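When the chains are written out, they are named A, B and C in that same order, and each has its own residue count from 1.
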Amino acid sequence: MYEGIVEDTQKAAIADLGIDKGVEALTPEKIETVITSFLESETGARFKTYADICVHCGLCSDACHYFLSNDRNPKFSPAGKVKQTIGEILKHKGKVSPKFIGQTAEIAFTECNVCKRCAMYCPFGIDVAYLMLTMRRLCHKLGVVPQYIQDTAHSHSATFNQMWVKEDEWIDSLQWQEDEARGDISNLRIPLEKEGSDIMYSVIGPEPKFRAQLIYQAAVIMETAGMNWTMPATPGWDNSDMCMYTGDSEMMGRLKRSHFETAARLKVKRIVMGECGHAFRSVYDMGNRWVGWKMPPIPVIHAIEFYDELFQKGKIKVTHKFEEPVTIHDPCNIVRGRGLHEKIRNVVHRTCSSLIEMYPNREHNYCCAAGGGVINCGPPFKAKRVEGDRVKADQLREAKSKGAKVVVAPCHNCHGGLEDIIHHYKLDMKLKFLGDIIYEVMEKTT
Amino acid sequence: MHHIYDFVSGPLVWLSFIIFIGGSIYRIATMAMLAKKKDGVVYDYMDSSYALRSILHWIIPFGSENMKKHPVMTVVTYVFHISLMIAPLFLFAHIALIKESWDISWGYISDSTADIMTMLVIASCVFFMLRRIKLPEVRYLTDTSDYILLAIVAAPFVTGFLAYHQWMGYKLMVILHILSGEVMLAAIPFTRLSHVLFFPFTRGYIGSEFGAVRHARDW
Amino acid sequence: MKNWNWEVGKRLVADVGKWKESWVWVEEPYASPDGEKIAAIVRTEDEMFNICVNGQAYENSFDKIWHLRFSPDNRLTAIVSDGEWTLAIDGETWENRFDFVWNTQFAKDGIAISVQSERKYFAAVNDTVWENGFSHIGDMTLSHDGQRAASVVQTVPLKEGEIVKFQQGCFSVAVNGEVWDRNFVNVWNPAFSHDNKRVAAEVRLNLYDYTIVVDGKAWDKTFSTVWAPQFSPADASVTAPVRIGGKWFLARDGEILWDKPFDQVWHHQYSPDGKNIAAIVCPQFGQWTVAINGIAWKHTFGDLVTDLVISPDGTRAACVGKDNGKWFVCVDGIVWGGQFDMAWQPVFSPDSRRVAAKVEKDGKYVILTDGVPLIEPVQALWTPTFSPDSSSILVRMIEDGKYYRRVC
C-alpha cells in the first residue's frame, strides 16, 4: 500500500475539516474498491491515452503559475501534480493509504485552478485540467473534499444557489435593488418572472448576498439600453456551480437543468449572465454536457459579449471616459474558455482613456489562482493560493510601474483572488468589473 | 553467429513488423472503441478543420508559444524526430535490402547524410538524457522506464553507426543493430512511444475543443 | 369554461396602450383565461402601486405589488404589501399578513403561497397558514384538489460550514405542515397522488445514493441520480426517471419500466387514464425527442425539447422543439411547417383531434391550428383555448395597443 509522501518540508499538510474527517472515515479496502470501480466505470479513452502517452518531458511546467511562483518546485508542475495523484494511483492499482488520498485531495483541490493553460503548452494537447477534475471526482466519491467548497456544494443542492440564499431573500434583494436604482432612473424596474422577455439575466449567488450593487448596475444598463429583460423569482436564477469543481457531477447536472429550464419556462431567447468565469464554464461546456445538451439549449451570452454588443449597436453611450489608466486581467474561463479577450478590449477602449497591457495576456494569461474552486476551499488554503501566484503579482506590479491604477477583471473569482494578491503583495491597485466602469461613464436615462 | 543473423534478419523482422503494425492497429482500434463507449465527447466535438489547425501549429517549428520559450529544445526535438524517420527509411543499405527481398524500392539519401542524421539522433538522445538529469522539473517526472525508452530509441542508431563505421565487431554490431531496431518497432504501440500513434488524435481533440467550441487558440 | 362566451366574433375589451397616459408606470398586461379581463400592475404619481383591470384601478393602492396572475377560474391574484405582505384576490387581501410572500400556486379552485414570518417559513393554502413553521421551505406544491400543500422543509438547524451535520440529513417533506418522520440529505420536487392523499419526492440518502420516497418510505433500490416522481392516475404506483451506469431509464416502484436506455429521460407524464406515459428523452447525446411508453419518435431536435403535453384521450402528444436556434412545434413526432423565434406549449382540443399553439416570428405573434395560421400576426397573444365542443378557439390578443377577445 502506497503511503504517499512521508515527509516534505516544503508542503506541510494543511488542516481542513473536510479532508481530515474524510480521511478518518476511509479504510484501504474502501479506497481500493472505490478506485477500482471508478476507473472501470468513469474513465475512458481520454484518461487512458493521456496516461499512456505523456513522455514526461516537463514542457507543461512553464505554463503553471503555481510552478513559476513556487521557485519552479517540480511538485507544482502540471505533470508533477498528475504524477503525485493519478500517477501513483495507477501505479499502485488503487492500493493507497487514506493519508495519501488526503494529500491528493489537497493537490487536486488547492494546487490547480483547472485553468487549462497547460493544455496550451503540452505538445500532445494533454488536458491536465480534465485529469485534475477526474481526480477531484474520485475524491468526491471517496468523501474527501475540503470543507468550505463542500459546504458550497451542499448549499447548491439544498437551495440551488451557492450562498444558502433562501427563496424569499433572493426576491427581496432584487426588489430592494430595484428601489435603490430608482434613485438613478425613476421608472427603473427589475422585471420578475416576465414571460416572453428577450433576455433572462442570471447571476451568481454572491451577487445578492455581498455585491448587490452589481445587480443594480446591471438593471441600469438594461433599462438604459432598452432591453426587454427579466429575472426569475424561483430557484434556477443562480448560474454558478461549485459542484462542477467538487466532482459532484450529478448535482452539476441538476443545477444546470434548473438554470436552463428556468430560462425555457420564461420563454426567453437568450440568457445574459453577469461577469463570472466559472459559471460560464459550467453552462457552456460542462454542466450542459452532463445533461445531454451538446451546446447550451438556450444561448448564454457572457456580460462582456453583451456589453460589446450594446456598444456596437449604439444602445449605450458614454458621457466621458474612465480617467485612471487600467490594465486587463483576462479570466481563464471566458478567454481560454470562450475567446472573449478581444471583446474585453473593445469595451475597455470604448470606456477607458488608457489601457496598459499585462504580459502574457489573452489566451496566455496567468490565472488569478482563485478559480477552479480554489478560493472556495476557503481560509485554510489562502496563504498557499496567494503565494502560489507571485507571477500575477509581478505582472500587476509591472503594469503599475507603467502607470496602471485599476485592474479590470470581469470575473467574480478573479476579483476574489486578485484582491488577496493586491493586498498581500502591497500593490495598492483598485479592482473593477467592466460593469462598474460602464455604469460610471454611461449616459443614463432619468 | 550466422544462424543468429539469419534469425534476426528473417523471422524476427517479420515478427517485429507484425507487432508494430498489428499492435498499432490494435491500440488505435481499441482506443477508438473505448472512446465510443465511454468518451463520446471525443466524437461529438471533433472538428476536422480545427483539429488540422491545431496539428499544423504543433508540427511547424516554433508554431506555438511554448516552442518559442524553449528554442533549444524545439530545435533538438525537430532535428531528432526528422532524422529518426528519414535516416532509416531512406538509407541506401535498407533500401537495397528491401529491393533484394521484394523488388521494390524508393529514393535514398547519401550515406554521409544518413551518417550525419544518425549522429544527430544520438546527440539528441544524449541531450534528452542530460535534460532529464539536469532540469529539476523533468528529473522529478523521470523514472527508470524513461531512460530505458531513451535507450531503446538510441540503440539502433548507435549500433548502426558503429556497424557502418566498422569500429567494433561488424557482424555483432549488425546483429545488434537489427535486433535493437526490431525492439524499437515492437515497443512503439505498447510504450509511451505510442505518442506517435495518438498525437493526431489528442492534438486534434484539444484543437477541436479550443477552436470549434471555445473559439480560442491552443498554441 | 362552459359558461364562457363562445359566440364567434371579435370584441374590444380595453385600450391597454392608453393606460400609459393615466399612470407613470404600466407593467406587462395579463389576460384572464376566459378573455374577459386584462390587467396590469400600475404605479401612480404618489409612488403607490395599483392594479388596472380593463382600464379601472382598484380603490385601494399598495406600497408594492408584484406577481400578478389570473387563477384558472379567472380570479385576479397579486402579491401585495401595505407594510406587510399578503395575497390579494380581485383586490381583496387575505386576512393573514406575512413578512414575505412568493410562489403563488393554483390547482382547481385552491390557491397557495409560500410565506415567511419572523424568519420562519410556511405554506398558506386558501388563507390558512400551516401551524408549524420551518427554517427553510422549497419546492412548495399544491395538491390536485387545491386543498393541501407539500413542501421540502429543513427540520434540523444548520449553520454554514457544518458539512458533517448536513450529510447526516437535515431535510424532509412537510404535508400541510406535518413532517415525515425521516430526514434526508436532500429532498426535491414533492408530488401529490391523484387522490391527494399521498406524496412522493426525490431524495438523496447520502452524497451518492438517490432514490424516490413515498410518504416517507424509500424505494429499496438506489440510483446514481433520479428526477421528479409522478403518481399513476390509474393505480397507486409511482414512476420516476432513474440513472444507472450513466444511462437513464424510467422506473416504477423501484423496478425498471422502460428497459431501453436513454442519455436522458425527464418530464414524464401520464395520460389521464394512466395507460400511457410520455417523456422528453435523449436517444443519443445531443439529440432530443419524445418517447411514448419507451418508444422514441424518429424526429429529433439538436438544441432542446420542452413543453411536452399529452392529449385528453391519452393517445397523442405534442411538444416544442429547438434546432439550430429556431423553434418548432412537433405533434405526434411530425414537425409543423415553419420555424419560429419562439413557440409556446401546444394545446389539444377536448376531443383530442385538434392542436393549437402560439408562436413568435419577427416580433409578431400568431396562433397556429394544426400547423396553419388561424389569425394575422399581432402585437401580443396569450395561449389559445378550445371550446368544450372543440369547435371554436378563444384568442386573446393585442393589436395596435388594443386588447381584443376573439372567438374563431
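FYI, contacts are C-beta pairs under 8 Å (C-beta built on N, C-alpha and C of every residue); 3 or more make two chains touch, one makes a residue touch a chain.
Please read these numbers as outputs of a predicted model, since none were measured by experiment.
Undergrad: For which chain is the distance between its Cα centroid and the global protein Cα centroid smallest?
TA: If we average C-alpha coordinates per chain, A lands closest to the whole-structure average.
Undergrad: Which chain lies the greatest distance away from chain B when centres are computed from Cα atoms alone?
TA: If we average the C-alpha coordinates per chain, C ends up farthest from chain B.
Undergrad: So the centre of each chain is just the mean of its C-alpha atoms; given that, what is the distance between chain A and chain C in Å?
TA: Going by mean C-alpha positions, chain A sits 32 Å from chain C.
Undergrad: From the C-alpha centre of chain B to that of chain C, how far is it in Å?
TA: Centre separation, chain B to chain C: 61 Å.
Undergrad: What's the distance between the Cα centroids of chain A and chain B, rounded to whole Å?
TA: Using C-alpha averages as centres, the distance is 39 Å.
Undergrad: At which residue positions does chain B touch at least two other chains?
TA: 41, 44
Undergrad: Of all residues in chain C, which are in touch with two or more distinct other chains?
TA: If we look for residues of chain C contacting two or more partner chains, we find 285-286.
Undergrad: Provide the list of chain A residues touching at least two other chains, using ranges where the numbers run on.
TA: Where chain A meets two or more other chains at a single residue, that happens at 294-295.
Undergrad: Which residues of chain C touch chain B in their complex?
TA: 285-286
Undergrad: Spell out the part of chain A that touches chain B in their complex, as residue ranges.
TA: So the residues of chain A in touch with chain B come to 43-46, 48-50, 52-59, 61-63, 67, 72, 74-75, 77, 79-80, 83, 119-121, 123-127, 285, 289, 294-295, 335-339, 360, 363-364.
Undergrad: Under the definition above, what is the set of chain A residues touching chain C in their complex?
TA: 17-18, 21, 41, 140-141, 143, 147-148, 150-151, 154-155, 157-159, 164, 166-168, 171-172, 175, 187, 189, 191-194, 196, 233-235, 248, 250, 253-254, 257, 260-261, 264, 267, 269, 291-295, 297-299
Undergrad: Can you list the chain C residues touching chain A in their complex?
TA: Contact set of chain C toward chain A: 24-25, 27-28, 64, 66-67, 100, 102-103, 114, 116, 121, 136-138, 154, 160-164, 166-167, 171, 185-186, 204, 207-208, 210, 224-225, 243, 245-246, 263-264, 266, 282, 285-286, 288, 302-304, 306, 322, 325, 341-342, 344, 360.
Undergrad: Help me check something: in the complex, which residues belonging to chain B touch chain A?
TA: 31-32, 34-35, 37-39, 41-42, 44, 54, 58, 64-66, 69-70, 73, 135-143, 146, 192, 194-195, 198-199, 201-203, 205-207, 209-210, 213-219
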